[in-house]
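We just call them A, B, C and D in the order they show up, numbering each chain from 1.
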Amino acid sequence: MGFESAVVNVTILKLNCPDAVGLLARITGFIAASGSNLLDVSQYTDTLAHWFFTRLAFEGGRAGSDPDGFRRELAVLAATMRAEWTLRPAERAIRTAILVSRQDHCLSDLLWRWRSRELNIAVESVFSNHDTCRPLVEREGLTFEHLDFSPDHKAAAFEDLAEKLRARNVELVVLARFMQILPDWFCREFSGRVINIHHSFLPAFVGADPYRRAFERGVKLIGATCHYATENLDEGPIIEQEVARVEHYHEPDDLVRLGRDCERLALARGVRFHVEDRALVHGNRAIVFRD
Amino acid sequence: MGFESAVVNVTILKLNCPDAVGLLARITGFIAASGSNLLDVSQYTDTLAHWFFTRLAFEGGRAGSDPDGFRRELAVLAATMRAEWTLRPAERAIRTAILVSRQDHCLSDLLWRWRSRELNIAVESVFSNHDTCRPLVEREGLTFEHLDFSPDHKAAAFEDLAEKLRARNVELVVLARFMQILPDWFCREFSGRVINIHHSFLPAFVGADPYRRAFERGVKLIGATCHYATENLDEGPIIEQEVARVEHYHEPDDLVRLGRDCERLALARGVRFHVEDRALVHGNRAIVFRD
Amino acid sequence: MGFESAVVNVTILKLNCPDAVGLLARITGFIAASGSNLLDVSQYTDTLAHWFFTRLAFEGGRAGSDPDGFRRELAVLAATMRAEWTLRPAERAIRTAILVSRQDHCLSDLLWRWRSRELNIAVESVFSNHDTCRPLVEREGLTFEHLDFSPDHKAAAFEDLAEKLRARNVELVVLARFMQILPDWFCREFSGRVINIHHSFLPAFVGADPYRRAFERGVKLIGATCHYATENLDEGPIIEQEVARVEHYHEPDDLVRLGRDCERLALARGVRFHVEDRALVHGNRAIVFRD
Amino acid sequence: MGFESAVVNVTILKLNCPDAVGLLARITGFIAASGSNLLDVSQYTDTLAHWFFTRLAFEGGRAGSDPDGFRRELAVLAATMRAEWTLRPAERAIRTAILVSRQDHCLSDLLWRWRSRELNIAVESVFSNHDTCRPLVEREGLTFEHLDFSPDHKAAAFEDLAEKLRARNVELVVLARFMQILPDWFCREFSGRVINIHHSFLPAFVGADPYRRAFERGVKLIGATCHYATENLDEGPIIEQEVARVEHYHEPDDLVRLGRDCERLALARGVRFHVEDRALVHGNRAIVFRD
């Protein structure tokens, strides 16, 4: 719900752990005892994997007035649950880097959503293996950095990129139609923090040139998939998918055109879910508490 | 989730009340203390109306072993919250009456979902102002009752119908394209227990002959709306809606054909949400915790 | 458009051939000269394959009053175009066999659409490798035939089935969740006349158990695909696809439930397109002139 | 199909007239005789209104080599059919003015599609009753003109606007969330050339504040409608509609956010259909030959 970042002093807790009796009661009891008012609770128990997932938004209380103390006490509680968790003020923008190649439709869409504050991100920099999108980025007053990803320089470029992401404490990397395959070490280091848009409804058409292959297969629906990048190309946890109906008269170029709208929407929604702490990964599945 | 009625000894609590600090903690704490294991928690706070809604599914514990005792204690807790609530075993089928006129597509679809146990209902009877659907109903081994709703007999027919619904403790009345307007007293008496399917995406095309009017307006989308019936025709709380794309070449008869699929789906889903205690009404809005 | 089978004396011509200048002018000129009134013209030129496709619906004229003479003259014209074509009165129902296993949701849906005349088919027989669906079929006054497809009898069963299809001049075979793989010779003999429903959005999840695999992959959309059966399993020309959004809380059983509605809709539409001569196959793609 | 403006020397004919026998044969015969090659033919007969609509795309021939001569001969043919028609080279961009108020999401989207050549328009100017969007427009190298639409100046502003549109031979006016009601004379003068985006699925929620009203009504689907502006507010011929599913937890601000994506898509598609001569208006209905 949009109110979370509008209301002052809202905190978001995201947590997952092995399932057990009374987990939600303990967590909500803890929050109530700290004087906060729960605004939104999402909870899901994977009964096949026996795993518990929750996201809570709450306002005021010690989480706002004494965040460090609150965090320490929460850590004690979470440890008893063997939980992974994150806690952060809703209003804080996520430090984000965008990676792009030549095509600018996703980038352009993200920039609009950033500028209009629909996405609560701070764009630290836009990196690219081409110079094509520089004007689009610089006219927004943002930094554009061209890195040389040609075969001989690719390894160094990824080292350079990673160093810059670390130096700036980048929390999220968005691959907005970035047409380079990430090295495994990069995927591992930034695991859970790299979001990609693939231009097909995965797992159909993994890999290159999906629209051409969709045309050849004669599908009646095309799509786009927003997912976390992992070492296995196009196989990371899926956050969001979008489809569009196509007809026999749509040629590959038409699929590209229709697909762009799917890509824009799926990526924007996926980034939003991540930025608002709505996406929780477990194994190769993403639990998404939509809004 | 489908598991709820599959698992033995699952209880569903549906509750709404004025918002306050710590409500969910108190309720989940109460359930945990009773020895039940929470399977699913849905919660929503209407921050504009300051109203709290929740649905909880839990297994085992005193709710199963001592239902009357559990209910008495819950009543005490709920009273402190000024809450409206219902509590029931998930596996119990809802006693349901279906009202129908001549068209059988929604009826036929509901009967399939009943027979295949997709919908956890017990069909007490099918009532109609026509005899058309009798064979379809009787071949399922169900009771079909023809009532005379002609102008002179309509008032008596509704009295008769209500009497039968009371006598059989019917909990849900589904208007599966029943083309008679319910009297106000009937809507009031069975408030929250009558679900209608209207053949347009409300609030567009309230009233008669929506497909003809949709054709004349030249809309590019038609739809169907599943809603609780109230005294105000086609204005009750909306549970579910479905749409289909139409083109200029679709004539009114085509809209009727395409609309049937929307009607079937919207009604089946709406009934399912009600039957699984996923729909909570407040004012003229229906909170629907989907699955 | 629904009017075609309603209007008396409507003829449908379906034709495809190598592209050339003036094809549509010649065909429509021929029809106009024969005294028919064109009701509907669909035309598509595949500019990559240089192939021309058309479907024309027309009323009256020599096609109605002297069908054999009309057909002979059309054959002469079509030969000059090296065209494949079919010609038939719109009102004639297509002789159809339905093959089914244990699950009855697609069968049940098709029977409703047949009974309500939404689908202009004549159901010659329902064949099955199980006896489960017999009551559903026989209560409609239709023939149900159980064939033994157990490993030792499978080859003979398909021979038997084919013999029966030939004997009854069956024009269309609908695999309504028939869980046996067709032998190659059968696919070849009935090529272009066998329609299958696969319970995934192809080409994702070819083969067995697609819902389980969709769950494991964590997709956010599931679907169903209606296609012509060919020797390559699940790889024939796609006629129609349908998708439904799913969430993390949907377990494999929920996907099965949600998928059933996709399967019903995609199969019903696909059969309709075939029956109304709206689907034209070229290579592995189906040109579908929708209505 | 995208190829039309890509291929050299393509002409588009759009035509509608009273229905009669042999119309399409005469038109396609005329085009074939002129030496053109038909690329795409769309045809529709409104059998209720007895009206014939067609759109033809063809390459080469006298339409390209002797356009004035071709036009004169076509005029003779069309006169015998009492047809309204337009003829133009596919590659010529449509001279377009965009009107906008404070919200820039539709404008921003249209500018991206113009810049990327997805929409074949030439943006003559952007007019506004506010200065908010000036930077967005001027950074594209386009003209932004602020007109004073305050109550005392509104009449003059519309005169001024109309004068500018006439002076620049503007062929299309796009109201991209322009929040001023057009005077009747303006609608009449520019009839068929003004496209509006309304932020609801018409005919639901005609007029002001549709998202607030949608929230209050508790709808489960919101939408946007792209239509030709006429003297009757929000009642002109509908070109395109788009919907999005909403849930109970979506507050009015969320509906606004979700609705923006519907508005962008419906407007972009509607403008595209007009610009490619795919939209033909008859009475209050728009025939749209999609691609």
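Throughout what follows, a residue touches a chain if its C-beta (ideal position, glycine included) is under 8 Å from a C-beta of that chain, and two chains touch if they have at least 3 such contacts.
Here the structure is a predicted model, which is why all the values come from computation and not from measurement.
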Check C-D against B-D and say which one is joined by more contacting C-beta pairs. B-D
Using each chain's Cα centroid, which is most distant from the centroid of chain A? C
Degrees of rotation, nearest 5, to put the Cα trace of chain A on chain C? 180
Can you give the whole-Å distance between the Cα centres of chain B and chain D? 42
Taking each chain's centre as the mean of its CA atoms, how far is chain C from chain D in angstrom? 36
At least two other chains touched by the same residue of chain C: list those residues. 1, 3, 40, 44, 47, 247, 249, 251, 290
With touch defined as at the start, can you tell me which chain A residues reach chain C in the complex? 44, 47-48, 201-205, 216-221, 223, 237-241, 243, 247-249, 251, 284-288, 290
Parts of chain D lying in touch with chain A, wherever the complex brings them together: 1-3, 6, 40, 104-105, 108-109, 112, 116, 118, 139, 247, 249-251, 253-254, 257, 261, 265, 290-291
Residues of chain B that touch chain A when the two form their complex: 1, 3, 21-25, 28-29, 31-32, 37-41, 43-45, 47
